[in-house]
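As structure tokens, here come the structures.
In what comes next, chain A is part of two complexes: it sits with chain B in the first one and with chain C in the second one.
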Partner chain A sequence: MAIYLLRRLALTIPVIFGIVIVTFFLVQLIPGDAVSAMQGQLKMSAQQMEQMREALGLNDPLHVQLGRYLVRLAQGDLGRSLFGSQPVALLISANIGATFQLTIAGMLVAMLIGIPLGVFAAVRWGSFWDVAATVIAMLGVSVPAFWLGLMMIQLFAVTLGWLPITGDRGLLGLIMPAAALGLAEAAIITRLTRSTLLEILGMDYVRTARAKGLIERAVVWKHALRNALLPLLTMIGMQFGTLFGGAVIIENVFSRQGLGTLATQAVINRDFPVVQGCVMVAALLYVLVNLLVDVLYGVVDPRIRYG
Partner chain B sequence: MAHRPISRRNLPPLAALLIIMSLFVAACGGSSPAQTEPTAAAPPPTTVAATAVAAAPEASSKTRLVFAGNQEPASIDVVTMSGNVNEREVAAQIFETLVYIDQSQTIYPGLALSWDRSEDAKVWTFKLTQGVKWHDGREFTAQDVVDYFNYVRDNGTVGTGPGQIKPVLGSAEVVDSSTVKLTLTASRPDFLIELADPGLGIGNIANLQKLGPDAGFNPVGTGPFKFKEWVRGSEIALVRNPDWTWASPMFQMSGPAKIEELVFRFIPEAQTRMATLEAGEVDFVDLLPFQDVARVREDNRFAVTGFLLPGMPQMNYMHTELAPTNDINVRKAIIYATDKQGIIESVYFNMVEPAYGPISRAFPEYDPALEQMYSYDPEKAMQLLEEAGWKLGADGVRTKDGQRLEVTIVENKSWNDWVYVLQANLQAVGFDAKVLTTQGPSNTEAIVSGKYQVPAMGDVFAAASQMTRDWSMEGYGTFPSGHFLKGAEGEKLEAMLKAVETELDPAKRKQMFSDIQTYIMENALMVPIFELYFYAAHSSNLKSFIVDGTGFYKYFASAYFE
Partner chain C sequence: MITVGSQQPPLTPATVLQRRFTGFFFVLRRHPSLLTGLVILLLMAFTALMPQLFTDANPVVMNIRDRMQPPGLAHPFGTDQYGRDILARVLYGGRFSLVMGSVPILLAAGVGILLGLIAGYYSGWIDALVMRIMDVWVAFPIILLALAIVTVLGPGLINIMVAIGIAWVPYYTRMVRGVVLGMRDHVFVDAARVLGLGDARILLRHVLPNTVAPLIVMSSMGIAGAILTGAALSFIGLGPQAPTPEWGVILADGRQFIRLAWWIGFFPGVAIALTVLGANLLGDGLRDWLDPRMKV
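So, the complex of A and B:
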């Protein structure tokens, strides 16, 4: 297991390296450059703009710029933002916690609602409750997260006054954003849990378990659901990226700090060092989450061996 | 079918259904009992003075003010910050300007107690307020002021505030321990108005040199509030400066600010911003959406302030060299085809007023004769196009010598919601009108590219002479008129603008401004749309904040809760 983990971790290095290279060239494809973007903010003559391009090294050939960036990166230096001059590492560290908090809370909401609802629908297959759960799942997928967020604000903050919108960086302030972010994912998990469980509930070993006289709860939750977890785990790992992206909208609605907002603003500003830093960190997180999912396979299903 | 009692097992889907239904109810019903449809209300206020400074305030125990803006600053160092609205809003509390200007356009002493100017308005002498200290306890000296102006003059990149005066800065010298002399390279009759811009607060060069770029996150000023904390992505907290005893007469107070903690929270989503006010989380909301103005006015928990912003109204430039707007008849046809009132009613709920020329009617230099020059007249627009040889085709688009009558309107997503009405107006008279949506830097890039005929713009400034930045052929930063205002029209206008910038005689200046406005409109160099208005809402018990001369920025030194 340890060797497997080390090998997988070693593999992340070329993946991240590839992402850095691809991001670097993708960012270059955006029309204009940081200095022309700054022109909208700072008053510069054409000569001053040229001086600034020279100072930032933007006039150097691309391979020189890339080489310089990689050397700095190897030294752990992500550079400074072109707007406000804050160190990129500082900007990322100031924002990553909030994004992580929101993404994990959103995923928890999704799992806590999605899995029980999916199980509930599967065991009552064909009933009114099955249809109701399916309708709820469809609504969850269809309703845009930003709309849901705004409606939650109206109901729970403005009308009822139960929850804070901004300013509370504790758990209370996380409830609405996490719910708005997680409900759409809950719908997807509900549908997958339901369909996977339905298939498993028809299998021979489930029939055997029932024949042995096990109570239905034990059959469903202990025997059937455990086998349904593998595709769920795969999907949850993949949905992590979706949640990470969806967090941008929720961050905007609830005025929360986060990597998504930071990256979006950086793209608008052509703030290349920040864009590159954010993409790299997001990619690293995605790779690590999927590694974690692979490890969890072995925990859920002992038949899976790593070598 | 028999009804079954609701069991515990049935509760989860029921609860979920209830939540979704309640959300729909919230969505459909709204939250405020005071919600009303916007009516064809009376015209908006012209210049609503900021809440008057009360004579005998009865302050409540509340001393924490939370302000909600829309955009987090990138830096709050007044020397180098880019100067978006919220950057200046925060900096205006930390740094002080040499002079202040309020909504009545009265100039008050600030860090300068008095001033004197040479006849040609090139040499300005400032007597400084005594006893001023920086937030770090260091004494504020005449040398600090000289260092600031020298830094602005000598350094390549400074913020938008100092950037305005940088081109005319000659020398700065210490006359004595409390006097500073500034020599400009050109006459600048409106120099004091420029100096009152919150973006021209006297920056702390010693701090800037000590911290470098990090000075933007550790500002040290002389103002009524000191920097406390910046929670990135969320808020900036300031605390009262207990040593601040040199308040400008504009604040009508002495001693430190009444507010103990001033928090700026940044909420990009307009609806969320408004909700935070309604939920009691913030006390002041900037950039109130126009559709909410009438509703919030009805709610006695809040007060709405609306300001006519001096500057250049919302408008479209017209490219004078690019076809088809290189033809004056086409340009005039665009003006006649534009239904300003329709835009004002449908997009701005009658909360703004029509504009007629290149400067706001807030200025004394505004020429009301322009109001008679054009009217909404689609028939006249079509007639002008016919005369210019643009014939209507079967697809509703006019053509001439095989060329379609095609124009592109450049929209800045943050400000120009009205361009789609303009697009429809132009299509109705035979244009193939397209809209290019841009935001932030991409807006500037689109405009300076010179590829588009009718870019939308608007600008806020406190002195009419600052209109040069919008019309100079050189173009400057976000004011890129020079990239499409070409040829004889551009050259003539440039000369007129340069002349008025240095004219000292008030009567002659007024006439020259009138000539410039007439020239711009006679040559159809722009499509005036509507006067810029800025609405904000705040708790009705918040009193005595002061709004600066542009109508954009608030000073909270004298503010208190009743």
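So, the complex of A and C:
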């Protein structure tokens, strides 16, 4: 297990390094530089701009800037916002919790709907219910999540008045954003659960379980579904990025505080250090979640650990 | 069917064409989702290209006297805060979605095919390098990568298309590389090499055709994804700007007036969902038909 972990970790480090490099060069691609971007707000003279460039080290060669960037990053310094000059690390840590909460809640909604629906469809393979579940899943991946969120606000907050209109009011305020975010994901999980389970239900050990007289429920939920969970786990890891990106949009729909509203505002203000920080943190999280999934995979399935 | 001595009708170009057609209709009958998806997409494309057949209203001219009218005879989908006809806005907006669905995918497929062919065919350190770059590339969630690119390039239709296209590249690269790796050791590739064909010719004439089926399937799913992402990005204000009748832009208006006028946001959402459903169904049907092994 230790060797497996080390090998997996060794594969992750270059990716993390790559992410850091890419986010560094992203800012270099901007026409002009950070100082000319600030020019709009601060009204500086050409001389002041030059002084600022010198102070920020923007006149140094690129590799020197990269080195300095890496050293600061290692100290947890992501730079400062061009607006209000708060440290980017502080802004991100103040907002990331809310986004993480929404992402996890969305994933929970997706699994709670997707897994049972997928099992249901697979067990009744070829029946009307199977077709119905497949059609629902197809609709689910096609409906835009942000529109679904808007329609939920319209129905449950404006018309019926059951739920708060914004997403910042504790658990009650989390219901609609999580549902809007999770439904498309639920559709994907439904399809995957259905197809994996269908394959497994045709296997010899399932026939053995049935032959020794186990009731169908035990065969499906204990013997078959447990083995279907492995591909599901991989899928959930891969979909984490999609869900996290979706959370960015959903936060905007529900005026919910989080990394998404922070990043969107920063894009509109052209506040590069904040965008840079948000994008890097999101990519690093994706890598870490997938590392975690791979480790879990090794825990659950010994064949992978020793293979 | 063919028996010795039976009279076969001569193979004129016309009969060949006729056979192709009956073959195509046979495929459509066998794959209902392919047929449904195709019909929906053709319908959406037709209304988007010929909106003046379905409405006389202008999608951008304001008419304050008619503002916030609920759906009715004069305005089937109602009007928005400036009295613009929502039906007209949704119909004209279809053009943007057609473009936003196809351009990024063409861009991504072009770059992805090239990288995938190179990585798969040459293997070794080139392959390792390209694939590690792709590992980094996919780590950025599409929406956030697009946010970053829009920050650099500025908001606008073309820039979000570039952003979405860039975000899709690694999926094409990985897929094409996988197919090429499977192809490389086939006898027909060795044969081509023995005949003295160059790498470029082997790749383009002998290896690339084998990626066509999965490419078509991936692209129709990709179109669905690109339309959704594009609409989401313009919904948060990073795409085409205000009076443009783009579906995400209209939806943003709808969000602003949600307490007063549900119809502003409702109809463009239905249009997005229908188009995306069409593309997804088409992709599903194509996969069943062209590449049953890929069935998920």
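One rule holds in what follows: the second predicted complex is superposed on the first by the 244 of 307 C-alpha atoms of A that agree within 3 Å, B and C clash if a C-alpha of one lies under 4 Å from a C-alpha of the other, contacts with A are read in each partner's own complex, and residues count from 1 in each chain.
Definition applied: a residue touches a chain if its C-beta (ideal position, glycine included) is under 8 Å from a C-beta of that chain, and two chains touch if they have at least 3 such contacts.
Given the structure is predicted, the values throughout are model-derived calculations rather than measurements.
Colleague: Contacts for A:Ala98 in the overlay, against chain B (first) and chain C (second): which applies, first, second, both or neither?
Modeller: First partner only, chain B.
Colleague: In the overlay, answer first, second, both or neither for which of chain B and chain C A:Gln154 touches.
Modeller: In the superposition, A:Gln154 contacts both chain B and chain C.
Colleague: Going by the contact rule set out at the top, does A:Ile136 touch chain B (first), chain C (second), both, or neither?
Modeller: first
Colleague: Applying the touch criterion given at the start, work out whether A:Pro14 contacts chain B, chain C, both or neither, answering first, second, both or neither.
Modeller: second
Colleague: Quick check for you: in the superposed arrangement, does A:Val275 touch first (chain B), second (chain C), both or neither?
Modeller: second
Colleague: Counting only touches as set out at the top, which of chain B and chain C does A:Pro164 meet: first, second, both, neither?
Modeller: First partner only, chain B.
Colleague: Applying the touch criterion given at the start, work out whether A:Ile200 contacts chain B, chain C, both or neither, answering first, second, both or neither.
Modeller: Touch partners of A:Ile200: none, neither chain B nor chain C.
Colleague: Touch check for A:Gly258: first (chain B), second (chain C), both, or neither?
Modeller: first
Colleague: After superposition on the shared chain, which partner residues are touched by A:Leu225: those of chain B (first), chain C (second), both, or neither?
Modeller: Touch status of A:Leu225: no partner.
Colleague: Considering each complex separately, which residues of chain A are in contact with chain B in the first and with chain C in the second?
Modeller: 31, 139, 146-148, 150-151, 153-154, 158, 252-253, 268, 270.
Colleague: What does chain B use to touch chain A in their complex?
Modeller: 10, 12-13, 16-17, 20, 22-24, 26-27, 30-31, 66, 68, 73-75, 81-84, 156-160, 163-164, 166, 212-214, 216-217, 231-235, 265-269, 271-273, 275-276, 278-282, 439-445, 448, 476-478
Colleague: Which of the residues in chain C come into contact with chain A in the complex?
Modeller: 33, 132-133, 135-136, 138-145, 147-148, 150-152, 224, 228, 231-232, 235-238, 251, 254-255, 258-259, 262, 265-266, 268-269, 272-274, 276-277, 280-281, 284, 295-296
Colleague: Within the complex, which stretch of chain A touches chain B?
Modeller: 31-32, 36-44, 48, 51-52, 80-81, 83-86, 91, 94-95, 98, 113, 116-117, 120, 129, 132-133, 136, 139, 146-148, 150-155, 157-159, 161, 164-167, 169, 251-258, 261-262, 268-270
Colleague: Give the list of chain A residues in touch with chain C in this complex.
Modeller: Going by the criterion above, the answer is residues 14-15, 18-19, 22-23, 26, 29-31, 138-139, 141-148, 150-151, 153-154, 158, 191-192, 195, 241-242, 244-246, 248-249, 252-253, 263-264, 266-268, 270, 272, 275-276, 278-279, 282-284, 286-287.
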